[in-house]
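Two complexes follow with chain A in common, the first pairing it with chain B and the second with chain C.
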Partner chain A sequence: MGLLDRLVVFLKIKKRQASVLVVGLDNSGKSTILNHFKPDEQKSIEIVPTIGFSVETFKIKNLNLTAFDMSGQGRYRNLWEHYYQDAQGIIFVIDSTDALRMVVVKDELELLLQHKDIKNRSVPILFFANKMDLRDALSSVKVSHALGLDSLCTKSWHICSSNAVTGEGVREGLEWLSEQIQLNLSNN
Partner chain B sequence: MYARKDRKDDDDSAQGGNKWSGERSSVLQEARVFNKSPLDPKKCSQVLTKLLYLLNQGEKLSAAEATDTFFAMTRLFQSSDVMLRRLVYLGIKELASTANDVIIVTSSLTKDMTGKEQLYRAPAIRALCKIADAGTLQAVERYMKQAIVDKNGSVASGALVSCLHLLNQGCADIVRRWPNEVQEALNSDDAMVQYHALGLLYQIRMNDKLAVSKLISKYTKYNVKSPYALCLLIKLTCKMIEDEGYGTDCPMFNFVESCLRHKNEMVVYEAAHCIVNMKSTGPSEAGRAVAVLQLFLSSPKAMLRFAAVRTLNRVACNHPKIVMSCNIDLEQLISGTNRSIATLAITTLLKTASNESSVERLMKQIESFMTEISDEFKVVVVESIQSLCEKFPNKQGTMMGFLAKMLREDGGFEYKKAIVDTIIDIIHSNEDKMEIGLGHLCEFIEDCEHTSLAVKILSLLATKGPKTKNPSKYVRFIYNRLILENAQVRAASVSALAQIGSECPNLTNNVIVLLERSLMDEDDEVRDRAAYYLKILQKGNTDLFTQLTLSIHGLESALCEYLKSDMSVPFDASQITYEPPVKQAKPAAPLAVPEKKISPGKNVYQEEVLEVPEFAQLGNVFRTMPPIELTEPETEYVVKVVKHIFGEHVVLQFNCTNTVNDQLLENVSVEPVAMNGGWKAVHTIPIKKLGYQETASCFVCFQQPDLLDGAYNSGFTNTLKFTVKDCDPTTGEPDDNDGYPDEYVLEVFEVSLSDFIQKVANVDFVNSWEELGPENELEDTFVLSAYSSLQQAIEKIQDFLGMHACERSDQVPEGKQTHVLILAGTFVNGGRILVRARLAHDPTMTQGVTMNMTVRSNDESLPELILTSLA
Partner chain C sequence: MEESASRGVSEPVLQADRWLTAYHDRFAGFNTVTPNICSADLFADGDNKLLIADMGAEWGKNMQLRVYKGTSLLSEHTLVDLPLAIAPFYMNLPGPKTPAIAVASGSSIYVYRNMRPFYKYTLPALKVAEAELEAWNMVLQEGSDLNVFRDLLVNVLASGESLSAKSEHFLTTSTMSEAETFVRTYGDSPLRRQTVLTTLSAMKKSMHEEDALTCIVLGTENKDIYILEPDAFTVLTSMVVPSIPVMMDITGLFDVDYRILVACRDGCIYSLKRGQKSAKLCIELHSQAVGICARPSLGCVYVGCMDRSLRCYSTQGKGPNKYAQLWTISLDHAIVAMQSVTIKTLGLELVAVCCQDSKIYFHKEKAVVDIVDTGAPVTAVRFGRFGREDNALVFVTKSGALTVKILRRNQTFDTIGSLESSKSAPAITAGNKFIIPKKTKLFVDQTMRERESASIMHRVFQQDFHRIRLIAARHYLNTMQTTGNTQVRGFNGADETKIPEVRITARVQGLGPEFALIITLSCSENTFPPLRNLLVAYSYDSSIYRCERAYRCVPYLPPGLPTSVSIRVTCVSELCVSDTLKVIVALKDCSSPIVTALISMPVAQSV
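Up next, the complex of A and B:
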């Protein structure tokens, strides 16, 4: 590595690196969303349930993101908090057809917002109202209403409808998140 | 190759001193860099290495610390640095058992084990299996099966070895579902994979004798290519031949023997090594195996020479004649530059030496390079000296000089201990050498850094000193220690002085003066002892030393009781049970030659039974037998029995394991019923609670029946009794209900004569025989029709009586038709037993050995007991 390259590393790339946490109940579509950002040859055709977490890295708008895809099954949810501390952004995926478990989602979200590692930090949160292609999907407005996002004023947040299978809405959401994180980085 | 690299790393860090020791908290602190974003892989690798080092030094983390560190470490999965990732795998394995929620890395590891990066795959599998429970394993079963048959050898090996670990991690049922994959791996071209597959297949079937024998007979015929797998196969085959008593005529033995002609040296060595170590090996088979070892002795490869000479050294006592055939080659090795090989060669020659002059020559040779060999080999030398002393009592003087010289040189604890023990042995067995030996030991403690050895020697001086011509000499040596040494040695010196003072009336006053000086010692223990003994000596009550036979356990429990009381009345020592002196199995009459009892040392079971307060007053344990299985392997409850023989009681310890995961057993006991009416149970201690995978012991204590009456022999039928409470298999919490009683029938075991006899070694048989005289002597002649050789008859007799064969009389030279077997033992009542059996076998008859047996004892009833037991 030449001197010049090294300088570039120090000046630019070093700052352009962030880790985000992908959470949400099981079956909400977290792994499917991340699958979009993998290079083609690594894309998994069948998605198996995540046990614990898995790490993916990809690039959005000049920002290198490391995404921790957390398992959403009940027994793993209390382990999310281990990864709050250094998360610079959070992606919260919601299955918008699962009206039944919307209250569970709300509880989990509140726990997250109250956590000491999240509460007092400026962490942008991106909500995906996923599976918008299905007939009984709630609209993003309804979802944000159900979760009480209207009254969430301590964090910058954004919600968008998405179809993880086709990728619709996913990139737009992440571009927002990427901008927010870069904003935070340059403020520090 | 990796192993060697690790070893080197270890050495490096050891040389650097313990530079991180005591830095546990700072390392945990440093582990915070794992949380930094962006990651610094280099820094992280360093910190992780330090952490691994600490853990390998035995540093223990609390569950909270381990969990924190573990989760911080899991973040490192975001880095694609190969070295760092491989360190993370190691970290996962180290912390897997202490940290909580380790399954969090399951998906990440699964991804790595199936991914493109080959360097990740095998270690990821190993880490995954370390954290897997039955549930997660089921989820990744598909990948495991693929990994076992993977083309990449390291991946397949990693998977197979992980399976071995999983068998013991409660996942045996799942692993057993993959026999097809394991079989396929056995056909692999990769030598290591084939080896691991065979190992796994054996472990899976281990408890099924029939399956093991099929496995062995299949693969001994099949052309196994991997030398490692062949070595394992040889081991397994030999184990089976031994366990099943097949002898050397079976096709399996032919297979092992054929391996002596294999082209790979490792295989040849393994075959030879196994053959000479098998009990059933006769002289001709052993001869062929030794012949190949002999070839190795002159190999240009040091490793082969070492392996061969080491094996010969081990079996030199069992096959002296055959090993002697290698003498010329062994002699040549002595002058070689490799001192480890030379030492083993010399000690082998010493073990087989047949005359005293060659012993002397060899000792000279070994002396010339004692300073060049490591302690480990020095201990080998000392051990061979010990056995020489037994064989050639005349040489004890020379040996003593040699030992004394070694004692003066530098060496570690183990080495010094071996020398001291050998000298003490000689002192005990040879009156003439006693004073010289004591002199050497006195000189040794003048400058001895090992407290425990000094204490041992001081107590020896106290018992032997008064028996010498000039005990005051030892008073001076001991007193020097009292001025110069640490508190423990000083305390022992006080006791030793006091004992000499009490046994030698002419020294009592001198000792009193010396002890008075210790009244001002800075150490409590030393002061207390000095004051205590002074009191006794001044009163002129010298008996107390010899009379200290009270039960230590009894004293302890009495003192504990006393502390609980209000202590208004003085402590009454007379309430403590005294051990009747016979229990010590002391010879009834003082002997010229003190004997050495061979006991396998205190084992765990013996310690366990001595810890039971109820048995404290039973006195010392005379013998503890090895455990006997009372259940088939893999049954719901596993029970073993251990027989502890006390002076007047027999305690049966039933070691029980519960392997049913949804049962909690309460009030578990075993009810042994003696088939012989003389046995009465006097005390039973049940196990209160026995959860899943727990092991505990219940006890039943029997009063011994009148042994001399012949009532010792009895079979016992046994029933396991308990209350079952069903419980939740995951939490182990029992249901609320009361449970129900249940029973389980166990196998039968026997208590027999040999249990009550202790082997006695180091006997000068001829002298002892004369000394006991014909006063209590009985003689009888038997025909042992079931045996077809002298050797076989001797083994059975020895087995039956449980006595020690003196002067190696249990070895019959080949081709002999008559033989004299001499045996020595002590009966549980303390009586000595010596047996002389003349055996004759007519080789023209296939069956039948005639035996004329004479028994002498200092107890009039014992000879009759022995002879009637044989009839």
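Up next, the complex of A and C:
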């Protein structure tokens, strides 16, 4: 990176580029979370189950993010690993009311962490314990306990509870992620 | 997997667990069977709820229908009768497509919509036998004798007809007054003969869609199969099977074509097709079926039987090849439940066989591809969509625990090498015909001879047979007579030995009325072979003495070493008289004693 580039970044004239991968089981609220960062005129009112994946771009804190919104349905989860290589950050959305499938979430997370494209890289992971407004939702502490996040020390991670319908907690989480990504970018 | 192959038969090595335990409640306290579990999208929100009809921890008490949403109990509904089976079905009603739940119990089906009682369907009443009606008329109008009436009813039963519940109740009365009271109290109530349900299932009416209109199929104790229309609960078709149906497996659509395989209590499987009024026998099991699951895509049906066998029959082909047995394997443990497992994402069709050894074996055809340990024998098992997960395995064990397991993604099901054992019978494929050897001239000649002189052959055989029996009887008598003074050992009569001498001494201790009688047995040092299995028996006047045991056994009498046995003798005579007691020592399986001793007992001191 040349001196001029550094200066540009320092002066916040040019924005940096990064791509993040949004994963999570079906019906956890991935598309709904990303819906908040769309411009008002593009916002979709009704969210339908994603087929395959869709790409969204938005800006957050001097960072141009390209989000790959992956489908969470069982038959499409094989697609996730093909995007690990290019991802500078991962957003893992969890339906905190679905206690039954918490083991499936844990299993998918373990598969993700053990993947060769993720294992030896420093990729920040942001967890959203989504649907916190619902009555039988687990708290973010309980979710992180259920997923065994306390023993995850190889990656920088952050968990925040969110409500994707109203957008509560979503922006805070994304701000943490963008900071981490910028930190990683400037270290390289 | 290579490692497991090299280890061979000794121990099957399983791959890392394919199943994630999503939920386990050890204290759920269920007492239920496979037909009493189902899952249904109750609120049409894509989240399947689990419904379990519980037969009550103590049979018939506190019976409930429980609905689970994920891991939490959504609601509980008290049932009035013991549930037999439950099935979700879709009705043709306006509004969102939500399924209704049919709960079969007794002679009724209770229908729940939106988990509220909606309708109760009762089986049509059966015709009451003429003779039974006449008998009741006689006793009510002419006041005939109750004993005659009872005989009349028994005659009706004997003629093969079944009685109404009222008459059956009357026959259970034991005394005359009870019978009279019964007739006086219930005489006027109408005679109704009601049958009970034995099995319940569902079949789509005209479309395969998940939420398409569904017909209810039921089997009754009266050997009928009814197909009900779900909106008005009218009988669309009624069919007859030769025996009482136990379980059914249905494929196809009611309006297009369907086939119902019915396993009956006579150990046979019958098939019913669209347009047929009565059933056709297709498989004779010679055992009772535990589970039946048809695999139309593979063209076969799996049947688990009580004789620990898992069998596969073809459902394709024509003539004798149809319903021919493809293979059978005998399992090490009794089968307790069966369930078909279809994994759509992998394109796999397995069958889950739950065995008495607390394991669920997943069979891909003959081979075992996975084993799940359940901790206790399974009583009910279901595989299907639960919550938002398609491949969920729900099971209830004998201890009442409820477990939900979810299949992990990207699993492959390879044969567990060592379990594909050589136990399996030679396979007969559906296409092959039986190979019958050619008839030789010798065979034909022999057959002809047998046909011509059958009676002579029979007579000669009988003569020889009687002769051999006579010889056997003679030898038996001879043996019985000679065993009086010699001992027969083994099968060769030559090995008769002289019984060595046994010395006996006896001591009586105590003042009475309880005595300890100590009997010491000994034999000389050079006794060979040493004596085994000696019996020490007592003979006494039972009005005076009582022994705690009728005899004692001395398993081994070492040569030269005295061996003593003690026995507690109680004097039961009130007069405290004394008497003699005879001790008999004999070899086991030998009629004559080796040595006897007469012991005169001391006078018992009164207490």
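Here is the rule we use: the second predicted complex is superposed on the first by the 173 of 188 C-alpha atoms of A that agree within 3 Å, B and C clash if a C-alpha of one lies under 4 Å from a C-alpha of the other, contacts with A are read in each partner's own complex, and residues count from 1 in each chain.
Just so we're on the same page, a residue touches a chain if its C-beta (ideal position, glycine included) is under 8 Å from a C-beta of that chain, and two chains touch if they have at least 3 such contacts.
Computed from a predicted structure; not experimentally measured.
J.: Is A:Thr66 touching the first partner chain B, the second partner chain C, both, or neither of them?
T.: First partner only, chain B.
J.: Figure out whether A:Gly74 sits in contact with chain B (first) or chain C (second), or with both, or with neither.
T.: second
J.: Between chain B (first) and chain C (second), which does A:Phe58 come into contact with in this model arrangement: first, second, both, or neither?
T.: neither
J.: What is the contact status of A:Ala18 with respect to chain B (first) and chain C (second): first, second, both, or neither?
T.: first
J.: Between chain B and chain C, whom does A:Gln88 touch in the aligned arrangement: first, second, both, or neither?
T.: A:Gln88: touches chain B, not chain C.
J.: Mind listing the chain C positions that touch chain A in their complex?
T.: Checking each residue of chain C against chain A gives 20-23, 46, 70-72, 345, 386-390, 404, 406, 408-410.
J.: Tell me, which parts of chain B touch chain A in their complex?
T.: 35-38, 71, 74-75, 77-78, 80, 101, 103-108, 110-111, 136, 139
J.: Along chain A, where are the residues that touch chain B in the complex?
T.: Listed in rising order, the residues of chain A that touch chain B are 14, 17-19, 49-55, 57, 66, 68, 71, 76, 79, 82-83, 85-86, 88.
J.: Going by the contact rule at the top, pick out the chain A residues touching chain C in the complex.
T.: 25-27, 74-75, 77-78, 97-104, 106-108, 111, 136
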